[in-house]
Every structure is written in structure tokens, then in C-alpha cells.
Amino acid sequence: MSEKGPEHQPADEPAESTHVSTDDRVGEGTQDSASDADRVPEASRWHLALREITTGNALVAVLSVLLAMFFGSLMILFTDEDVRYGLSYFFARPSDTFFYAWEAISGAYVSLWRGAVFNDLGGTFVQQIKPITETLKFAAPLTLAGLGIGLTFRAGLFNIGGRGQMLLGGAAAAFVAVKLDLPMIVHLPLAILVGALVAALWGGIAGILKALTGAHEVIVTIMLNYVGYYLVFYALTRESLLQAPGSANPKSAPMPESAVLPDLLGPQFNLHAGFLLAVLATFLVWWILNRSSLGYRFRAVGENPAAAKAAGINVGVAYASAFMISGALVGLAGVNQVLGSVTDGATSGLDAAIGFDAITVALLGRSRPFGILAAGVLFGAFKSGGFFMQASEGIPVDIVLVVQSLIVLFLAAPPLVKAIFRLPTKEA
Amino acid sequence: MRLALRDITKRFGSLVANDHISLTVEPGEIHCLLGENGAGKSTLMNVLYGLYQADEGEILIDDEPQRFKGPGDAMAAGIGMVHQHFMLIPVFTVAENVMLGHEATGFAGKLDLDAARKLVRDISERFGFEVDPDALVEDLPVGVQQRVEIIKALSRDAEVLVFDEPTAVLTPQETDELMAIMRQLKESGTGIVFITHKLREVREVADRITVIRRGTVVGEASPEASNAELAALMVGRPVELKVHKEPAEPGERALVVSDLVVADEDGHVHVDGISFHIDAGEILAVAGVQGNGQTELTEAIVGLAPHVEGSINLDGREIVGRSVRKALEAGIGFIPEDRQVDGLVSNFTIAENLMLNRSYDKPFVSRGSLNLKKLDTFAKEKLAEYDVRAPGVSTLAGQLSGGNQQKVVVARELSRDLRLLVASQPTRGVDVGSIEFIHKQIVAARDSGVPVLVVSSELDEISALADRIMVLYRGRIVGIVPADTSRDNLGLMMAGETPEGIES
Amino acid sequence: MSAVDLPVQADAKGVAERIPGLWKPPIVMSVFTILVALLVLVSPREGDSTFRWSREGDWFAIPDVSLPANGIVWAAVLLCLLCTAFAAWRSYSRLKTPLVVIAAFAVFAVSGFLAWAVAGKTLPVVGLLAGALALAVPLVFGALGGVVGERAGVVNIAIDGQLLFGAFGAAITASITGSPWAGLVAAMVAGMLVALLLGLFAITYWVEQVIVGVVLNVLVIGFTSFMFSQVLSGNAGALNNPPHFPRLEIPLLSGIPVLGPIFFRQTVLVYVMYAAVFLVAWALYRSKWGLRVRAVGEHPKAADTVGIDVIATRYRTVLLAGAIVGIGGATYTLVSVPSFGREMTGGAGYIALAAVIFGKWDPIKATLAALLFGFASNVESVLSVIGSPVPSQFMLMLPYVVTIFAVAGLVGHSRAPAADGVPYRKG
Amino acid sequence: ACGEAPAERAGEGKSDYLPCIVSDEGGFDDKSFNQLSYEGIKAAADELGTKPKPVESNSPNDYTSNLESLVGQGCDTIVTVGFALSAATIESAKANPETEYVLIDDAADADFDGKTDAENIKPILYDTAQAAFLAGYVAADYTKTGVVGTYGGQPFPTVTIFMDGFKQGVEYYAKTKKKDVKVVGYEGGEKGSFTGEFVANEKATNTARQIIQQDADVILPVGGPIYQGALTAIEDSGKEVALIGVDADFYETDPKTQDVVLTSILKNMKTSTTDVVKAAGEDEFDATPYVGTLENDGVGLAPFHNFESKVSDTLPAEIEEVTAGIKDGSIKVNSYLAK
């Protein structure tokens, strides 16, 4: 389940890029390791560098993105009104079609860029750089949830329960936020903590059931998504629980100031401390996985539960604790939503499908903490840019889903990308 | 049918696994291939069988060059292979396994299982096997599984049969039976390629011997050559075949097992009320045909078995009902019988594997955090001490050859303060050079006062290591006998009989 | 864990198998017995519960059964207790609880609950069961496709994508051609298209199959939603107005009381489903095709060594699985509702995936798992219509909670085909 | 792909007034308020000679960003649809006092002081219960089995207000006419049958089926496209079951329903949105809240169309009467808006 990523590996980590199943001695696994590079004589440095560029991961990544955008363009072209209009008299004046096509595609991607990174049309500096801060804002929950899901991957588990964990975490944080009246120093941390804790317990159910009864975690987490959703929905319709007093809508009261994640760059930007939380969590997860004994055991259990068990590692405890930590992280994504991004009240939609997007984020980040952070930022950029693109070009944000998923697919299959671009493949 | 391999070269990346190897197999000949782990024997056979494509060279049958695109072509040409790792589908019956790939069918592709059953029975009869065509392969003892492999090959009228390390998992009796079958096949004109690490077997059946080292043929040897000569040819240096060991000096009673019953989760009893003891500084070797409770016995001691009754007492403390971790912390070292399944995490580095059983506490963990420096130093030490052939401590364990993987496991288990060592099949599939080394380590552990329980299906290994021998049959003890008990008597006991003059 | 000749990955995953599950049935059964008893203890109901068995068109009418609600519940509790005691005795004797006892227990517990919930009202039993079947149809096809693909060693998380794309393809094609049959074929093709992508990445490029599946689902959602808003909604009349399969009563059979209306007054797709379940089950275990598919999924290398083309077999099987799932997709737009809608499968593919695992990769058991889910959903629907004493959110939770209990309590660890999810690489 | 190449492309905007609209999670093809509001803004834009900018939301995550993007695009008027967008709309309105906002289906009153929280928001609300009350009355009169049914997508107030009014209408009829008519599928509050999603799927069909099996011969599905499930269920049942539409007149918006639609509960979002946006485009934006009632024709009952001959002769007159009663307050219809 865990793919070894292209990112730089700490010394103690296996620096391989492909998962090689244990009885499978055919793999290309050993080939692209660092030791491979060591063996190459000095003289061919330049040659090697060239090869590294044409066969390396960076190029594949860039090409994957290009390829995905190409397919996205096709969809835009196919549905763009102007292009179809141009096509209606294509043979009379083909140049129009090409002009419209260029307009449509460049318009889409330029606006994507403007919405995600830098808006050169913005009147003020703040407006110009606001997109990048929006990107980071969207990156925060994706990263947090991605970290949680990536962590379970590393322990050989599959957590599809992101939605439920986010909902429970967010709802619990909202509960603490709206029901208690405390000074910020206590209130905010308490809300965050309770959110993470409740989500940890919720996530833990899957791990504990797996440990105790062997119930398949995929089934349990899928089912818990629905159960969690209806639970939160129920809470939102009860004033004693979450519903805003006096309101008939299934929505909580707005979060009080004292429980809201503070803005990072002042009020003119929406970027809040949730991003900080995500970065901190990245370091924490990195430490857990690579430097802590707990993480070592997670990885051992993930790679070979039988050997881990024979070596005295309690596999059930590892499953349960991995799921709890994962739940807490995913729950923090929910907390981030409620206390940071959408502070006007919790709803049953607070998860914003991030629980599922995060699976892709974790996969794209190859379950490596910093990879996940990078993937989270990339997806955040797509999200932020998507809104801008929709508003300015009228292209539905769904296209972003398509481009995103294609990127993940292509990145996961470098030989395909290389074959499409006719690049040399490394010796197998 | 006369088979010839000419100048076969096979590369894996920069590694030349086979370097211009030539080889002929005459009809009615048993041709032995010898070589260390990783010498390239299996690779050569896989090329012959069409699983790999040779980079250079050609395969000739009766002087006709062949092009094998896959095993299908090779089989069609009359080549059969019994693979080092069996190619049987565990959840299929014998008949299904045998018919797979050339199924007899009725209406709408309906399987004609009766035809397959008949085929299995016919071939079994011809060779005097007893194989139930409707038994599930996973329920069969390894020896029988091997016969299924042979039936599979014969059911396709193979004229050249390749046996890749077929005896690694067999008992002496089964091995003898296999030898008999090989001779019988040879009589009927089948050519046989036989790969093994056991020199005794080679000398017993070989008509010709080819020795491979590092992908090249280093020479032919005569079947009359001595074990020492063969071993030296294989490894490239003289090898001590019999571990030199002083008589045991047993100390206090260390492990006392009484009335032990071990059942699996389905309630099947595998160990049925056995009692024995091991003293400090003594090796008790457990002999028995695989599947007679040895695995469950070791698992019960380590705490891996689900249902255990009775008592296992180590140094005066009861360990039944303890977790594996508690058992290991009580000082039990455990070399599991299948290193790839239970012994190693193949995607972990050597260093990471060396701390697998000490992931909770000192020396590599303090306050929940890993001490990587210490681990690195430790791993480098052990790499040198145990002569693990690897580029470095951060090499992935899965990339090591079987022998080197086993050394990593042994190094890990022996580098703690042990109160008991449980070693299951410690040298299975390991080449002679590594066997020598691992045996020395086990004896050294004994000499330092550690009680040792060795389980092996290898009588040579049993005799080489044991101070006393315990024979298990169907979960019960047939007898506990001195180390110098004869092979024949041991063989009888392994079949459940008590030979005369032996106290049980 | 012993024999060295088994493929390693088969065993490396199987640690949980050592966990003894003998006591799970009695434990779960006692929990449920207590729950049912609590119903009457905490909130006893007034009046009679009426169970209606007959439908119009039956050969003869079975009269309604009307009994005091509390009485039925107590009787159910008693029977449940008996079953639990029996299960406990079996576990004590280290024996497995027979499936019949579990099934009987389930019937008693469910009857008790239903009697409690419909006190003073009438429960249409036939409608309850017929609806359960209808709700389960896409799940059954999804699960069947999942079973077939995974038996060949390709994990299919993309069932949801295949259902959705099938529904999409069926809607457009049937709208354009005016024929639901063309729509059905299109749905199969659509399912195969997704399967082709799955195969390309999972089989040819060895991409982790879970990744491919998850991502394909997202891809299909993105694509169909994009097309829906850009193309379909503008031309709903021409492109999103499929004709649908009419209900087809099987003469004679449909008149059998209780069974007739449940099984034989359905659309043609349901009859296709019966055939599909039977065919897949038969072919998987009895035909040459099935033997080879299972071989490839259990031990591809072994299959290769006897001359079976592993890659081709996997491609063919995955495509077939895609076509089967596609039929399930067609039920959305050709049976259930008269047009395609954004994300209209609502994650049914994931439920089907759960049914695959729950059903232990067996076509019949997976079908039963899908039916169980359909039943739980329909209990919710029926009770919410009749009016149940439970808030709607908790009723809506019901099928999911039931599944968790069933998986944790009764099924436990299930063993996938040994090479499921493991790409095959040749030397 | 042939034809003449035009010299100049027609249909480009004449006005530089830019009306915009943000949907909630349902999207503009929800066959409900998003769609109707969108059609409303399109109609207004057509009249004004401009083109609206529509932006869809997929989650609550998106509201703020979508609003910001639209402000960035220079929108003059932004229509936001649904209570879910309320908070985001208030926030955006406060930050951009120059821009005009129209919030549909919510009062934009997060602090419950009875006043709109920002002066540049015009809330548009509909007391649909009044029209649903009439529909309930019609259903009760029409039914032959004495059972009518309803089901919803999710228990949101904008959904349950229909079910609530409908139930009251049926009960009113039962009481005044002393006839036994029963409502299945809704008991008040959140107790009732809900499909859990605003999606047309087997669950929707099946729920309708169950209602029909309870002998209901009039059925009111509330929640965007879920009524499509009822169509299938009605056809499958082979019985004479009538459908009551919501939001718009189904007879017109979905020809497939023409044979079964008894009447529809109108929530004139299209018209009100058009009116408000047109006024804004003509610089006559007025932020006073609008509550659609029977009185101001904001809500109402659609004609019986094909069913004119099937309802009782006296019904139209009785409906007139009840309408008058509701208007003058002599008949009380409870709803969260009326309290």
C-alpha cells in the first residue's frame, strides 16, 4: 500500500521508489537507488546528470502535469461555446476556431494561475498576492487530512473514513466553541484538542474493531462515514447539542472570537493559523514515522505484520493507535474548517469532501509527510484557482477534479508518461 | 530428447546472472547443478523454462534451436520444471492444479474434473504415489505437494525435468523417495536437471555435476568427488562441513515444558500434551517430518500460538499466556522457520531489521524516540561480525540473498542477552558456506550457557547440532534420544515407530 | 504460516487470522438480544402490529397477521435468547456457530424490532422485501463485478466510477437512440472503459491498485459532472431523457403469493441479475475460464508456469467485470429514475465494495451481503413512511450500523485472493 | 461545420451591468431553487442586455471563495441561493458595501435581532407553507383512498415547510369536512421519510414506492430532483397516483410529469429574482426583505391542467375560500417563517 516517494529520504529510510513485494524478485526496485549512483564512475557525471534529467522524477512530474492539463484542455475545447461556434463554420474560416480554442484554453489556465498564485489584474498588492494565501488556506485541511490518511497507509491500513472523522472532529470543536465561554488562551486550544480527541476516538473504532475482530477497516470506515454524517446532522437539529438557538436550520451558531483560529497575515487575507497547524502536523508526523518507536512499529506492521508480530510488536495495538492518530489528524482538518475557514457555524457539510480529496493527496504525496504537504499545497492551488477560473471563464470547477486525478495517475505511472513523450526509460 | 544450452547469458541491469553458460542434458541422465546462493542456477533454469528470455545464447533440443516465448512453449517442447518455490495454487485441489493450463472441458467450458482425477490417479499409480486428487493443496504436507508438482510435469509428458532445490523442504525419507522417483524417471529415458545444496544427495544420484559460481561455469566434478571437494569448488574456498563442537556441559534446568497442548483457531490440536526440558548450555534438536507440531511448539514458546494449555516454564517463570513481547523480554531468541514471512521486513533496511524485536525500549529506543546513531553503529558491527554480504546497513533486506537474509535474522536474535534460543529451520535453503557460519554461532550460544531448541527437518543438521534429539510425530513425542542415534532409527521414529533398543 | 512454498504475500497479510473469533457470534447476539429487550422495557408500545402478506394479483390472498406488539417482541426476545444460548454453548465447546442459527437469530431480532416499530400500524412485508431487492440491484451488480475482478487479482475500488459512468452512458445513449437496450449496451461499454483504464494502470503499469481505483472514481465524478453541467443540462430533452425498462411480470410465477411480487414482478434488469449471479457463480467454480481466473488471482506466477497468459487473462476479466458493473449503472437511469444526475450513485460503489469483502469474494455471498444492505435500507424507508418512533437521522443510519455489526460480529477476517492487488511482473 | 463565416459575432452584451449568482451545494441543475433563481437572473439579464456570471459551489468550503471571486470579477449584484450561504453573504456584504446582494431563502439575520445584518442585502423568503396548505387541501379532497403521502430530501426547514403546510392543509380538510384523510411520510419536525440526499436515485424511487404501498394516491416529494423517483414508482405501481410538484409548475418545467401532476406548489423564485435583479440593474435596488406569501403572489398553487376534470367541481371555489382565509388570517398556517 505504501509507495516509496520521490522526495528526499532521510538516511534511515529505504530510498527505493517502487514497492517490491517480498516474493517478487523481478522488480526494478534496486535500480534507481542512491547506491546505484554510487557505483557509477566519476567520468560519466555529465552523462549521468543528463540521464537523471530525462529519466528522473522531476521531469516526469512536470510532464504529468502537462499531460493532465492537455486532457483538461480537450474537455474545455469540446464544451466551449465559442469553439463550437467557430467550428460551425470551420471550413469557411478555420482560424477562428483556433483563435477561440486558444482563447478558451489559455483563458482557463491563466485564470487558474491567477486564482492560485498571483493575480496580475489585482488593483492592489494585497489583491495581487491574495491568491497564494488562499491556496495555502485550502492546503491546510487537505494536508492535515492527507497526513492522517497517509499515516494509516504506512501502517498498512486504508482509511476511507475521512469524512466521518472530519465531521465528528469539526462538530466536537464547534460544540466546545459555542457552548463554553472562556478566554482565548484556553478556549481555542481546548476546542482544537477536543475536536482532535473525538475524531481520534471515532477513527479508533475502525482500528479497534480490526484488532479485536478482524473486521475489514475499509468496510468499517465507509460505514462510519454515513453514521457520522447522520449523527452530526442529528446534533445540528437539536438546540441542546449544536443547533443555533432560535434557528430552524441545521447549523450551529457562529464561532465566538475566542475560539477562532487567528489570521496569519492580518484581516485582509483569509489565511489563518490552520496552515500553521498543518505545517506543525507535518513535522510531527515526520517525527512519528521516522524518528519514533511508535512510527517504526507502524511501518513494520504495515510492511509485514507477520514478522512484526513474531518480533513482539503488538499488531492490534498498532492498528488501533495508527487509526487513532490518523483520526485525530483528519479531525484537525475538520477543526480547521470550523474554527478557521468557515467560522460562521458548523453544518453537516463541513467536511467539504476533503476526506476523500485527502486520499488522493496522501497518494500523490506517496504517504510521506513532506510529500503530502506539497501535494496538499498543489491541490489547494487547484481549488483556489478553480473558483477564479469558474468565476472568470465560466468553466465548471469539476474540470479541476479531472485534471487532479489525471495528474495523480500519470505521476504514479512514470513509464507511461515516458512512453508518451518517447523518453528513454532506465534499464530495467 | 537431448537438451543443450549454449552460451546462455542473462543480465539483470548491470548484474550478469548467467555469463555464457553452456550445459547439456542427455536422455536418461541426471545432471546436477551446484553453486552458492545467488550463483545463477535458478536464473538459468528459468531461461530454459521460458520464464526469462536470454540476452544471448540459445537453447537446442536434439540440435534444433528453440524459441521459447513463455513456459507454454517450453512445456510444449517437453520441458517440465519443479520450481524452487512450488508453483501450486494452495486453494485448488490436486486435480485442479494438475489440469490447470491444459484443462479437459465439456459443454460450455465446463471443467471435466473426472478426467483430471483419472490423470492424477494414473500417474500416481505409475510411480507408487499416494495422492488424493480431491485434497486441497494447502492441506497437504510439503512432501506430497512436491509430488503434485511432479505429477503436473509428467501429466504433460515432460522429457526433460528440472528440479530446483526440491529437497530443501523434505524429510530424509521423502528425499530418499524422491531420489527413487528420479532414478525411475531416468530409467524411462527422461533427462533430469537437479539443483540442490546438499552434497550427499548429489553424490547419490548425479551422473554429471556442473558447478556454477557467480554466473559462470567453474567446472565439472565427478560424482565420486568428496563433499569437501565439491564444497570448495562451489564456494571457492575450503569449507568446514561438520561443525566442531565440544561435548555439552549442561547447567541448570532452564526450560521445562509440561503437558503442553497447542490448538489452532479452528480447534485442531497440533501439539498434544508433550513434556520435556532443556538445560542451560544444551542443544535439544527437534526432529520430525514437517507438520507434526514443530511449528506450533515453537510458536507456543514464543507466545504466537492462539490456544495453549499446559505449562512452559523458563527459569522458574511461567510464560504461557504471556504476549510475544513479554516472552522476548524474558530472554527468548526466536529464529522463525520462514524468514521472509516471519523473520524480516523486506522493505526495511538491514539496520531497521536488526531492531525489529527491540522496538519498545533500550538500547535503540529512549523515551519513545529512535536512537539512530546507536542503531547504525550496532548494525555496522553486526554486518561485519556476521559476514553479511551487502553494500551497507541501509540495503533493503529484501534485496539480500536467502543466506544473507538468514544471517541478519541470526545476528538480530543472538545479539541480545538470551535465556533461551528457539531456532526453527535455521539454515533452510542456505548454502554450505553460510550453514557453516550459522551452525558455529548456534554452538557458540550454547557454549555460553544458553539453552537451545533447534527444529529442523534436516537430519544432517540435527546430528550436527544436537546434544539430545527429540522426535515429534503427530504432535506427540516419539522419543528423546542421544545425539548419536543412527539416521535409520531417527527416520523410523519420524514415521511414528519406536525402533528396538530405544526408550521413549 | 508454515509451508515455505506458498507465495509470501499470501501469508504476510494474514496475521489477523490468528485472532480467535469463536466467541464473536454469542457476544454480538447477546448485544442484540439486550437491545431488542430494551425496546419494550424502555418504550413499550400500545396496540397490535399487523403484517400484510398479500399483494394484488396473487393467486390467493394470505390474510394479514395481527398480534399485540409487545407480545411479539417478548416472544422474539425469548427466541433470540435461545439462539444466543445455543451459540454460547457451541463456542464453549470450541465449535463454530452454524450459519442457520445466526440467520434464525437475525430473523427473530428483526421481527421483534419491526413489531415494535409498527405497533398500531400495518407493515407490508412483501413491499419491504421487494423494495429490498430493488435497492440492492446496483449493489449486486457492483459486487459481482468486484468479485470477478478481484478473483483475477485486480482490486477494484473504482466500482463507484463504473456505476456512475454506466449510468451516464446509458442515459445519453438511450436518450439518443430511444432504446433502453442500446442504453444497456452503452452502460456496459462505459463500465468497460473505466475498467480499461484500471487495467492499463494497474496491470500494465503496476500502479498501486488502490490509488488507481480511488482516482478513477474522482475522475469519473469530475468528468460526468462537467459533462452534465456543460452538455446535458442544456439539452436535457435530447440527451438526458432516456426511455426506461418497463416492469415485466413473469406469467404464473408472478402470481405466487409473497414470492411472486418480490421476485417476478421486476424489470428485465433484475432477471438479468438473477442470471448474472448464477452464471458468475457457476463459471467461477465450474468452468475452465473460472479455474484460470482464480489461478491468476491466487498465484499468477504458477499460472504463468503452466502457460496461462496472466496479463491477458487479467485484462479480459477486468473488462468483463467492468461490463457487469456497467449493467448495475444502467439501473440508475434506465430503471430507477428517468434521467442522469450529478454523482447520482451516492457512493453505492463503496457499499458494493464492502459487499465484496463482506461476501468473502464469493459471488453468492457477496450478493447476499448486497441484499442485506438493501434490506436494511428498505427497513429504514418503510418505517419512515409508516411513521417510526425513531428520529429520521437514526433511521437513515440503520443500514450502515447493521453492516458494521455484521462485519465485526459475524464475519471478521476475510481472506482475499492471495494475489489480489499485486501486479504481476515478468522477469 | 460549414456555413458562412460571420463578419461580426452577434449577441454580445450591451450593458456593463454585471449580475452574478452563487449556488449552494445543489448546483444550478438541482431542479429547485438554484435552478429557478438562475433562470430568474438570466431572464433579468436578457432584458437588461447583459450576461450573468453563474458560479456553483460544491461545498460550504466554497462559499466565501466564490463570493470573493465574484467581487473580484466586478459584479454589481450578487444573488446567493440558500440558507447555507447566509453567513458568507453577510460577511461579503459587510466587506463590500458597494455591491448589492440578494439572498434567497434566508433572512440574513445571524444575530436574530429581526433585522437584516447588512444594509446591502435583500433577503427573499417564501412562506411556502401557505401554498402547501392549499395543496394539502386539494390532495385531501382528491384522494380516493383517504391516504396521501409526502417525502423529502433532508429535513431542512426549506424542505419541511412544504411538508408541514401540506399536512396542516390535509388536517384542516379532514376537520372541516369530517372526513378521514391520513398523511403518511411525515409526522412533523424531523420525523418523516427522507431520502438523505437531494439526488434522484433508487432510494427516492423506493421511498415513493413505499408510500404508494401505504395506499397513498397523492404524493408530494420535496427536494429537487427526488420527484423523479416518484414518477418511476407511480408508473411501476400501475395505480392512479397523482403527483404534487414543488417550486415551479411541473406541468411546464418537466413535460414527463404532465399525466400525473395534480398541481404544483409554486414558489415564484424565478419571477422574484428577475424582478429584484432587474430593479437592481436599473439602479433601483431596494434592500427591504421580501417574503413571498399568497397575498403577494410570492407563493401559490399551479393550475390543475390535465386534472381539471378529475377534481371535484366545488374544489376551485373552496380553494378560493381557503386562500382568502389564509390571507386575512382567519386560517392560521404555522411555519418557521410565520412564527
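Going in written order, the chains are labelled A, B, C and D, and every chain counts its residues from 1.
The rule we apply is simple: a residue touches a chain if its C-beta (ideal position, glycine included) is under 8 Å from a C-beta of that chain, and two chains touch if they have at least 3 such contacts.
Predicted, not measured: the structure shown is a model, and the values here were computed from it.
Summarising the inter-chain layout, the chain whose CA centre lies farthest from the centre of chain B is D. Chain geometry summary: the mean Cα position of chain A and that of chain D are 36 Å apart.
Note on chain placement: the centre of chain B and the centre of chain C lie 44 Å apart, centres being C-alpha means.
Between the Cα centres of chain B and chain D there is a gap of 74 Å. Chain contacts: chain A has residues 19, 22-23, 230, 233, 237, 304, 306-307, 309, 396 touching two or more partner chains. For chain B, the set of residues touching two or more other chains reads 85, 304, 340-342. With touch defined as above, residues shared between interfaces to two or more other chains in chain D number as follows: 56, 155, 190, 196.
A list of each chain pair in contact follows: A-B, A-C, A-D, B-C, C-D.
Listing the residues of chain B that touch chain C in their complex gives 46, 49, 51-52, 70-72, 75-76, 81, 83, 85-92, 96, 99-103, 105, 108-111, 138, 142, 145, 152, 168-169, 263, 265, 267, 290-291, 295, 304, 306-307, 337-338, 340-342, 428-429.
On the side of chain A, the complex with chain C involves touching residues 1, 3, 18-19, 21-24, 26-27, 75, 79, 158, 160, 209-210, 212-216, 218-220, 222-224, 226-227, 230-231, 233-234, 237, 304-307, 309, 315-316, 356-357, 359-360, 363, 396, 398-402, 404-406, 408-409, 412-413, 415-416.
Those residues of chain C that touch chain D in the complex are listed here as 124, 127, 131, 134-135, 137-138, 228-229, 233, 241, 244, 247, 331-332, 335-339, 341-346, 377-378, 381-382, 384-388, 391-393, 396. On chain B, the positions that touch chain A within their shared complex are 13-14, 85, 302, 304, 323-325, 327-329, 334, 336, 340-349, 351-352, 355-357, 359-360, 364-365, 368-370, 372, 375-376, 391-392, 394-396, 398-399. Of all the residues in chain C, the ones that touch chain A in their complex are 1, 7-9, 11-19, 21, 24, 197, 200-201, 204-208, 210-212, 214-216, 218-219, 221-223, 225-227, 229-231, 347, 350-351, 353-354, 357-358, 391, 393-394, 396-397, 400-401, 403-404, 407-409, 411-414, 422, 425-427.
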